[in-house]
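I'd like to ask you about the structure that follows.
Note that the chains are named A, B, C and D in the order they appear, and that numbering of residues resets to 1 at the start of each chain.
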Amino acid sequence: MTDRLNVAVVGAGYWGPNLARNFRASTDWNLATICDLDGSRAQRVADSLGGVPTSTSLEQVLADPAIDAVAIATPARTHHPIVLAALDAGKHVMVEKPLADTREHGAEMVERARAGGLVLMADHTYCYTPAVMKIRELIADGSLGDILFIDSVRINLGLIQPDVDVFWDLAPHDLSILDFILPGGIDVPVVAAQGADPLATGKACVGYLTLPLSGGAIAHVHVNWLSPTKIRQMVIGGTRRTLVWDDLNPQQRLSVYDRGVDLELQSKETADSRAANISYRLGDTWSPALPEREALSNVAAELASAIREGRDARTSGESGLRVLSVLEAAGASLADGGAPQTIQTAIHAGGTA
Amino acid sequence: MTDRLNVAVVGAGYWGPNLARNFRASTDWNLATICDLDGSRAQRVADSLGGVPTSTSLEQVLADPAIDAVAIATPARTHHPIVLAALDAGKHVMVEKPLADTREHGAEMVERARAGGLVLMADHTYCYTPAVMKIRELIADGSLGDILFIDSVRINLGLIQPDVDVFWDLAPHDLSILDFILPGGIDVPVVAAQGADPLATGKACVGYLTLPLSGGAIAHVHVNWLSPTKIRQMVIGGTRRTLVWDDLNPQQRLSVYDRGVDLELQSKETADSRAANISYRLGDTWSPALPEREALSNVAAELASAIREGRDARTSGESGLRVLSVLEAAGASLADGGAPQTIQTAIHAGGTA
Amino acid sequence: MTDRLNVAVVGAGYWGPNLARNFRASTDWNLATICDLDGSRAQRVADSLGGVPTSTSLEQVLADPAIDAVAIATPARTHHPIVLAALDAGKHVMVEKPLADTREHGAEMVERARAGGLVLMADHTYCYTPAVMKIRELIADGSLGDILFIDSVRINLGLIQPDVDVFWDLAPHDLSILDFILPGGIDVPVVAAQGADPLATGKACVGYLTLPLSGGAIAHVHVNWLSPTKIRQMVIGGTRRTLVWDDLNPQQRLSVYDRGVDLELQSKETADSRAANISYRLGDTWSPALPEREALSNVAAELASAIREGRDARTSGESGLRVLSVLEAAGASLADGGAPQTIQTAIHAGGTA
Amino acid sequence: MTDRLNVAVVGAGYWGPNLARNFRASTDWNLATICDLDGSRAQRVADSLGGVPTSTSLEQVLADPAIDAVAIATPARTHHPIVLAALDAGKHVMVEKPLADTREHGAEMVERARAGGLVLMADHTYCYTPAVMKIRELIADGSLGDILFIDSVRINLGLIQPDVDVFWDLAPHDLSILDFILPGGIDVPVVAAQGADPLATGKACVGYLTLPLSGGAIAHVHVNWLSPTKIRQMVIGGTRRTLVWDDLNPQQRLSVYDRGVDLELQSKETADSRAANISYRLGDTWSPALPEREALSNVAAELASAIREGRDARTSGESGLRVLSVLEAAGASLADGGAPQTIQTAIHAGGTA
C-alpha cells in the first residue's frame, strides 16, 4: 500500500473548503494544514472536517518538509507570488483557475515548475466531471469523427465582479474544457472577442469568443452575466455524430445524436460539386450513463497520480497557460473593436516578453 | 364595405402556395391569378384552393389593369427584374425574403417604388407572428426598459443550399425581426461575421453575427445548418425586464423575467464606483397569452392596409434593404477573417454605387 | 401490379377530410366517393382534393357494386346502423373510434362482419404512428422484458363534449394503444374508474382508470379536460428496460432507459427474501429514430392489406370491441363509486346480453 | 430579546443531521444534545457542526430539565414509544414523518400531547418549502378559486424499502402537502388505493390513491419506485386559475395559468344546460418568484413559535394523524382489490379502537 501524500490547502474562502473536504476524504492524501491569513476562517473549515491543523503563515507551511504539495485557492492576482514561493520551496502545486492574472505570470510559473521538476496542476475542475471525461473519451475514440464546430453557452444572472470582466470570470471554464477535450489542446492561432458593457460598469458583462480550429472548424463561446435564465450547454458537431452537453439536465446531461450531414467524398471533386453529394442521417440518439462522482475527488486523485508517476497532470500548468493566452488575446481583440488577434504561443513567447 | 383588392401570386413553389392560401382566405383580397412558368405547378395550387385562374405569363399578369398587387415568391436572384417590372406596370409589390440578391439591387427596387408612389413590402413573415408582434409591443411600451443585449439562436439540421450560405439562408429571419422590434430599426454602423465551412462545401454552414447597438448594447446571431437539435431562441435583455422567446415551446413561447441587474445611478459616480451600486432583482416571470393567428394572414392584411392608407408597410422595402445591407457587410467581414465592417447606409450609398 | 380498391368515405365533418386525403394519396386506393348528408360539406372536401365524386345518399353508395370498402367518420351513435348496412351490402368497413356507442352494438357489428367474411377495422389511428409501432416492436422483441407497469397521461384543456364524458372522449386512445402494444391485447378481468365532475356539467371531466395486467402488473390511465397544460405521456416499465413516450416532444418522442430494478432470482427464495436481492441498473438511455410518416397513410395501407390477404386488420373490430368492453365496465365502476368491475369478455357475453 | 429554547435531536441517521444543522443555525434554538444509540454516529454529526454534546441515553436526555423540546428522527416503528416517553417527561416534540407506524399509535400520541398541553409537531418538511407555502397562500387568498382537482405525481427509481410499501414511503409527502394547502385539511370520507407488486417483492411498488374532495372535486396521487425518470409534479385545478408545481424545475417551480373553463351560471339552469354555457379562457401564465430558504429552517422556526405562543404547529400532530388515517384506509382498500374504504376520523375513532 502506498503512503499518503501530505497536502496543505492555502485559502479558506469560497473554493478552499471544497478542496479541503475532498483531500480529507481521499485515500491518496493526508490533509496536513489549512492555511489562511484569516485564522478564524481557516479554523471554521478545519472544524467542519472534524479537526485539521491550521496556520496563518504561508512561510511556515512551505518550510515544513513533510508537506508534499500545496493546493492554492486564493484570489487570482496572488497566484503568481504564492505559486513561485511554493515551487521554490520544492512543493508540488495545484492552483485554482485562472492559473494567473497575466499570461506572462503564468508562463513564469510554468517554467519554474519545469525547471524544478515539480508538478504544476491547474484546477480545471469541470474537466474532471463525469460528463467532460466522457466527452473527451468520445472524441478520442473517434465516436464523433472529426470536429466540425463547438458552440458553448454559459449564461446566468451573475454577480458583476469587481476586478474581472465576464471573459475572465466565466470563459476559463469553457476554454479549459476545450483544451481538455480537443486532441491537441486548444492550440489555435487567433481569437476574436466581441463584448458589451451596456450598464456602463467599466467592464464587459456580455461576451462572445470565436476561435478557428484546424481543418476549417470553429469554436464559439457565449458568456453572459445578465441573463435571467441559466444555460450551460455545449454542442460539439462532428462528422460522425454530434454531442449536446446540457449541464443543467441531470436526467440527460449528454446526448449523442447519430444525425448529421454525410459527405460522400470522391477523388476528383471540387468544392462546387461537393454540395451535391451531401445527404442526411436521421439516426438514433444515445445518452450514456455517467457515474456519480464529485469532480474534485477526481482532481485530488489526478494530482496524486501525477506526483507519484512524475508526469504532467492532465490539466497541466501548460494547459492553464494556454487558457491565459487565449484570454489575453481576447482582451486585445476586445480593445480593437473585435478584430481577430494572434494568440501568443505558450512558454517561449512568454519567456521573451 | 370596402371593395376587395386583386392580387396575383407569382411563383408556386415552396412558399407561393402559402401566400395563395392566405390571400384566398382574406376578406381584404381577391386572389386573381397564380402565375408560374410551370403551368401544372400553378394549376395544382389553384386546384387545392377550389379553383383559381392561373397563368404562365408574367407579362400578361402585369398587363392586366385589374390587378392591384403582385406577391412574389420566386428565387431571390429573380426578385430584382420581376419586382422592377411589376413596379413599372404600376403594381404594388410584396416580395419574399431576402428582398434581393444584392444590396444594390434592393436599393434600386426601393427607389423605384418610392418614385412610383407604390407600396413595396418585404414579406418578413416572422414579424407578423403573434410572438414577435408582442415583443415589439413590449419594447415599444417600455416594459423591457432600455435594451442591453439581444442574443438570437437559429440552428437546425438544415439543407445545405446550393447557392447561398447559412447567413443568407437563415439570418434574414433574425435581422428582419431585429429591424421590426428595435424602435429605430436595425440601424447599426458595423457588423462582424465569423463563419466556418468545415465540410468544405464552398460556403459557410455555421455562422455568427455581432452587431453593436446604440448605448453600448449588443446583438448577436447564431445560425447553423449542422446542429442535430433544433433551437430557435431569442433572449432580449433590458434594464427593466428580460424576455426569452422560445419559438419551439408552443406552451410558453414568451417568458418575461422581472429579474435582472439594477443600477442605482448617482450624480457624480464614475464607472469604477458603479459596480458597487449594482443589485439584483429576482422577481416573477410572466408569460403573456398569444392569440392563435397565422402570421401570413396578418401579412395579407398589412399589405392591404398599406395600399389603402398610402403608407409604408411595417416591413417596408427599406426594412428589407437594411437587412441586405447587414448581410452584404457580413459577407465582407467574413472574407476579411472576421474583422468588423462598416454597413452601407440604405438608399443613398446604394444609389451612388 | 395490383388494381386499386375503391373506397367511399362517409362523413365529411372533422375526421373525414383526413381520411379522404389519405385514401386519395394512397397507391392502394381509388377514392370513389365522399358521402355526407350535407352535400356542400362533401363538396368542399372533394374540391380541396382536386375533384372527387360526392353523394348525399348512403344507400346509393352502398348499392354501387364498384365500391369495395367504406370508411366511416360519422358520430359514434350512428356507427351501428351504418356499419351494419355497409356489411349487409357486402362492403368491407373501417370505422372511426369508438367502434360503437355501446358494447352490445359493437359485438353485433363484429359478429356480422365475421359471419359475412368481411374486414371490420377500427380506425385506431394512434396505433399507426411511428412511435406506437416502434413501441409494439420493442415489446414484441423482448427489449423491455416483462411489463411491470404502464402509466398513461392524456390531459389538456379540452372541449367539454355534449354527449360523452372524458372517458369516452379520450380514453379510447389509451386503451386502443394498450390493446395494440400488449402481446395478448388488453385482455383484463376488471377495471376501476374514478372520476369527478367538479363543474357539475353532468359528466366526468377528470378521470382515472386502473387495469390489473397479468403477472401482477398494472396499467393506469389519466384523462382530463381541465388541465391548462397539455401532457401526452406514457411510461412503460419492464423488467429489462423502461420506455417513456412523450408525444409532445418531437425531438425525442421515445426514450428507452436501460435503468431499472434487477431481481436476482434463486430457486427457493420466498417473497420476503426477494427484497434483499434487488439491485439497480443505471445504464444508458436510447432514443430510436422514427420515420416521418403520417399515421393515416399506414391506416389506409393496412385496410387494403387486410382485405387483399383476407385477414383481420391489426386493429380489428375485436380490438375496438375490447376497448368498448373496458369503457362500459369503467362506466359501471364510476357509477359504483370506483369499485372495480368485471369486464365482459368480447363477443359471447355480448351476444347473450 | 427572547431566550433560546433547548432542543435535543434524537436519531443521527439519514435525517437527523439535517435537523441538527438547522437547529444549530437557528437563532431560536440552542442545540443541546444529539442522541443516538450509536455513539460514534452521534459524534460524527456533532463534530461536523463544530462540537455539540452527545448522548447514547434517551433517558438521560429526557431527564434533563433544561431540554425544552425533542426532535425525533428515528425509524417510524420507534416513534410511538419515544414520543410518549418524551411527552411524559414534559417535553415538546417534533417527529419525523410518518407520525407513527399505525393510526392507533398516532392517535394515542396526539391525545397524550393534548392532555399534557404540549406541542406535538409533525415534521412535514415539504410544507415549509417556499413553493408549498406559496401554494397554500394562493389557495387561501382565492387566487385559484374553488379547487376542481389535484393531481400529484411522485415517481422515481427508488430503493425498495424493507419494511414499508411505496404508499407509506412516498405518499406521506403528498398527503401532508394536501393537508397543508387545503383550507380544511385533508378531511375526506373515503380513499381508494390501487397498487401493484409486479416484481413480487411482497409489497406494492407502484401505487395510486384517489380521494374525493368536497364539492365534487378529486385528488389523485401516483407514487412509484420503478420509474427511471424522476417526476415530482402537482397540478391544482381551480375555477379561477390552475397551478402547476414542478419541483424539479428550479427555474420555474410554480406556474399559475390564467387558463381554464368558465361556467356562466344562470339561476334556473339544469345540469344538462350547463355544458352549453362553458367557455374557455386562454390567459397569461405567471410564475411567482420564490425566496431561497431551506425548508428545515422554517420548520425550526415554526416549532419555536408554536411552543412560545402555546398553539398548535401548522403541521400539528392532528395533521400527521390525518395522514396516517388515509394511509391506513388505503391499505384496507388495497387489500380489498381497490374498493374505496371509509377513512376513520381522527382521534375518537382511534381512541375507541
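Worth pointing out:
Note that a contact is a pair of C-beta atoms (placed from the backbone, for glycine too) under 8 Å apart; a residue touches a chain by one contact, two chains touch by 3 or more.
Small disclaimer: the values here were computed from a predicted structure and weren't measured.
Contact count check for B-C and B-D (C-beta pairs in contact): higher for B-D.
The rotation relating chain A to chain D, fitted on Cα atoms, amounts to 180°, rounded to the nearest 5. Mean C-alpha positions place chain B and chain C at a centre distance of 43 Å. Look at where the CA atoms of chain C average out and do the same for chain D: the two points lie 40 Å apart.
Distance between chain B and chain D, defined via averaged C-alpha coordinates, is recorded as 53 Å.
Shared interface positions of chain C, i.e. residues touching 2 or more other chains, are given as 229, 259, 282. Residues of chain B touching chain D in their complex: 252, 258-259, 282-289.
Put simply, chain C touches chain B in their complex at residues 44, 47-48, 50-51, 229-230, 251.
Per the touch definition, chain B reaches chain A in the complex via residues 146-149, 151, 155, 157, 160, 162, 190, 192, 194-203, 206, 208, 210, 212, 215-218, 220, 222, 224-229, 235, 237, 239, 242, 244, 255, 257, 259-261, 263, 271-272, 274-276, 278, 280, 282, 337-340.
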